[in-house]
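Shared between the two complexes below is chain A, which has chain B as its partner in the first and chain C in the second.
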Partner chain A sequence: MRRNELFFWMTVSFSLLIMAFILIPLIRMMTAPSFSGLQEAFRDEEVMRSIWLSIYTAGWAALISFVLGTPLAYLLARVDFAGKRLVESIIDLPIVIPHPVVGIAILGVAGRGSWVGEILADLGIRIMGSVTGIVTVLTFVGLPFYVKAAKEGFESISPRLERVSRNLGASMFHTFFRITFPLAWRSLFIGLIMCAARAISEFGAVVVVAYHPMIAPVMIYERFEAYGLKYSQPVAVWLVSICLLLFLLLRFLTLRRKIEI
Partner chain B sequence: MKKTKFFSWAIVVLMAAGLLSAAQAFGEPQGKLTMFHAGSLSVPFKAMEKTFEAKYPKVDLQREAAGSQACARKVTDLKKPCDIMASADYKVIDKLLIPNYADWNVRFATNQLVLCYTEKSKDANQVNKDNWFQILAKKGIVWGHSDPNLDPCGYRALMVLQLAEKHYKQPGLYEKLLANRPKANIRPKSVELVSLLQTGNMDYAWEYLSVAVQHGLKYILLPDEINLGNYQFDKFYSQAVVKVTGKKPGTFMEMKGGSVTYGITMIKNAPNREAAVAFLKYMLDPQGGLKVLKDQGQPPFVPCRIPSAKMKALIPGELQGLVEVKN
Partner chain C sequence: MIRTENLHVDLDPFHLRDITLAVEKNDFFVLMGPTGAGKTVLLEALAGLTPIQSGRIWIGGRDVTKIPPEKRAVSIVYQDYALFPHLTVRENILYGLHFHKMDPGKAHARYQELLEALNLSPLQGRFPTYLSGGEKQRVALARALIVNPGLILLDEPLSALDPGFRQEIRGIMKKLHESSGVTFLMVTHHFAEAISLANRGAVMSNGRIEQVGTIEDIFQRPASTFVADFVGMKNLFTARFNGTRAFIGNLEIESAGPLPKGYGHIAIRPEDIVLSTERIASSMRNQFLGRVTGIFDQGFYYEVHVLADAFTFKSLLTKRSLFEMGIREGMEIFLSFKASALHTL
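Our next item is the complex of A and B:
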């Protein structure tokens, strides 16, 4: 792009506007709590427990999406079949459904009083008010982000490479794990991060299924209602900082890995 | 000569008509009217909104339902513009809004606690007002209430249990019942328990009578001594004490039992004062909003009550005739 043209400056100014739109409210929120408030929240066992529970459950949601979503993403990237568009829109559904509806729907299917719920109960698995329930909800809302990223990742790898491997006598299984997977790994990893990030921010669906044990967004809400902004903001600041740090670290690691490949 | 006289009269009449219509335009409430109210008031207020907006088509009443305490927080902490705030416990207005955000507090309705269930609930065919506390103590029965720290219905449910221990002469009942209610069965506000009942994830839940009626749930009516619905038993109710969270994390305060009394107020710098007064005038009218409440299973105070003559002097003149001083 030529710098002396109006078009260039238009793109720059719009981009700056968006940066400001995202950053100003966040910076304001991050700088609102006092230092002593932050310290107090950091020493508060309940706060830290809820933040770790958030990271833990979101991590599980990402892992489950990885194991269950990768084959689907691969299928969507490589195979053309009737109804493919339909499958793709079904995967997008969790993004558009209002969050509390997600919670109620999951409780309706996997809770007490339904046959799925009864089977789960016999197996000793409880959805309502349990970590299992939280992970279920977070997987539901996070899965689309992983599948989409993974699909694009697989699509960017030329099927020719796979064909070469197959012609040289490797099985489909070997080809996938030795050729496709390592090449797509970076996209898959970014998908995992997106999935986990989406999961960490979920509130509406979780609060229907599990108020206790409290994940961080639920605790931020509870703190706000019971004590006001002064005591909910520090929790938010810690959640955002810890997650930001984790995600930056993960991105940094994957970037380095790309160079190795 | 006659002609000019006619013209000057005509001009006077026209001007007067113009002035009148201008005055009417000024006097007629219009625009957005914002109201924060307790979740348990959602159904009657929705009905009132319809009638009110039919009467004042230029006003758009926008309601936000939340826990009563959350409603107050939106005003005090988030500084969200709001005209009217209605709470399921009038004490929330006293505690959080007066004196900085509101001047007065009108008590307009009562309610009572009931134990809700559905035909799918376990032991639904046996439960009655004499054995409910035995059923709630049974293993495998899932029952719950809302968060006592956020929702008045939550601490009131706990008060009912404490009073039941005294009324039914069952020492240790309160602790025994709570031992059978894992934390997982608590939700932020009582209306959220309704969907748990309806999906079969919960057998019994504590709700206000009005909520039970409005959602078509089955319910057990409790004796006046424990249902918190009759202020003549206020002295007996005051034996119930529930510890809830205080002003900051880690601190606590005690809530004493009392009859369920709803309060409403206008926020001091209400953006649409005119429409707010018009709504309150309709709502506090025994033939208007109070009748809607009554039809929805929530007994109103007729007339509504204000605790002191000093506070009565602070309410808008148009509402003076609709309230009486009674503590």
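Our next item is the complex of A and C:
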């Protein structure tokens, strides 16, 4: 593209507009609270508990997605079967359904009065207003992000590597754990982060299933409703900062060994 | 070593039809054919990597039709090498030993032996990204050979290499084949590779086997017009070399340059052979008297077979020259070609 044309400058200015649109509110929010406000929020046990609950439940959602979603992602990446498109569309459903509807749908199955709910109740598992309920909802909304990223990761690995491994005497299990998994790990990890990030940001579905125990987004909403913007901002700042820090730490720990590809 | 019976594979867009094939132990067997003929699919079917619809496969006297790939004792080497990118050269080569019971001392000796034979010692700690094509191919060969497979399948192992490396790997493969006693089955579309490496081979087209036999048979006596067209170089002879001369039987052929020592193959393209009813004085140094043994209509051209000494030379003529010279079966005729038309393989 020539740099002295009007067209080029239009593309640049629109891009800058988008950058500003995303960054200005975020920077404004991060810098708005006073130091004392942040300190106060940090000492507020309720706030910290909600942030840790958010991270804890999102972590579980990512872990469950990892265990349950990896085989599906592999299947979708490697096998062509009738109805594959349909399965892929079903995986995408949680992304397009309005969030409160997700909460209502899950309560409809797992709540009182449905047979699944009865069985769960007999087992002593409660969905409504419980950590289990929050994890269930977060897994529901986060799973698609993991499965898609993991599928793309598996697709990027040549099936020939697996074939050679099989020929050299490795069973499919050995091949998967020695070749496919280590090579896909980077993509799987990025999928896990996307899944956890999506889970942490969920509000609408959680608020339907469990207002209490309170996760951070619910807490931020409550502070905003009851006391106003000034009191919700510090909570938001802590949530965002702690999450960023955790992700950086995880990334450092898991991807420290440079994989040569 | 390998026997297949009525093998059928449907693998969109490729398919195999009725593949019946036998490869003997210690053969160096080549599979030739145009792109899309199904050569790679056949290799993968033998290796157990592609499901087959019907037919049977025996490898080393064992019916392996229903046996999974890891239990077939067959190693495959792909054109793109398929080295494990997250493992070093050493780890790549040793990979197969995780799944084979081998005495540690013996395994180490075998590893050293392969490093030596393939000249890989300085590269042991490197990752595949930092290897040249030739080096990658040598690692792939070592990785395939370390588990002592009875059979090694090579999918165009040389075609992705630079010409210099190609020559080198060709030499290494010949040596490995002679020293290891392993049966080699190689897909190629370079005739020079086929002729210099293999003793037997097959030509495939459109999922079927067109011809199986010795390399000489395939090039000298094509069983179908497809094979004849495909192999193109129809005048192929085993020759003894001496200086710039090649001897086939009692015929002495001049070459434009010095020839390798000992024995080898020579080839002359049919269109390079000129026929004449009388001896011609020209710069063509090779001229022999022969007898027409056959005239075949090839559409735009006629292929004329001329027997000189005990060898049949094939030449191409237009219909017009055929009539002008009045060529008919049984007549005596001179065949000539330039020294530069002689190819050695």
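Here is the rule we go by: the second predicted complex is superposed on the first by the 235 of 261 C-alpha atoms of A that agree within 3 Å, B and C clash if a C-alpha of one lies under 4 Å from a C-alpha of the other, contacts with A are read in each partner's own complex, and residues count from 1 in each chain.
To be clear about the criterion, contacts are C-beta pairs under 8 Å (C-beta built on N, C-alpha and C of every residue); 3 or more make two chains touch, one makes a residue touch a chain.
Everything quoted here is computed from the prediction, not taken from an experiment.
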For this session: Tell me which partner A:T31 touches in the superposition: chain B (first), chain C (second), both or neither.
Result: neither
Exercise. Counting only touches as set out at the top, which of chain B and chain C does A:P182 meet: first, second, both, neither?
Worked result: second
For this session: Give one of first, second, both or neither to describe whether A:T11 is in contact with chain B, with chain C, with both, or with none.
Result: neither
For this session: Examine A:H174 and indicate which partner it touches, taking first as chain B and second as chain C; both and neither are also allowed.
Result: second
Problem set entry | Winner by number of chain A residues touched, once chain B and chain C are compared | B
Exercise. Between chain B (first) and chain C (second), which, if any, makes contact with A:D44: first, second, both or neither?
Worked result: first
Exercise. Can A:I104 be said to touch chain B (first), chain C (second), both, or neither?
Worked result: first
Exercise. In the superposed arrangement, which partner chain does A:G228 touch: chain B (first), chain C (second), both, or neither?
Worked result: first
Problem set entry | Parts of chain A lying in touch with chain B, wherever the complex brings them together | 40, 44, 46, 104, 107-108, 111-114, 126, 128-130, 207-208, 210-213, 221-231
Exercise. What residues on chain A touch chain C, complex-wise?
Worked result: 158, 160-161, 163-171, 174, 178-179, 182-183, 259-261
For this session: Would you tell me which residues of chain C are touching chain A in their complex?
Result: 44, 47-49, 68-72, 74-76, 78, 80, 82, 84-86, 95-96, 98-100, 127-129, 143-144, 147
Exercise. Can you list the residues on chain B that touch chain A in the complex?
Worked result: 67, 69-70, 73, 76-78, 120, 142, 147, 149-150, 182-188, 192, 195-196, 199-202, 245, 247-250
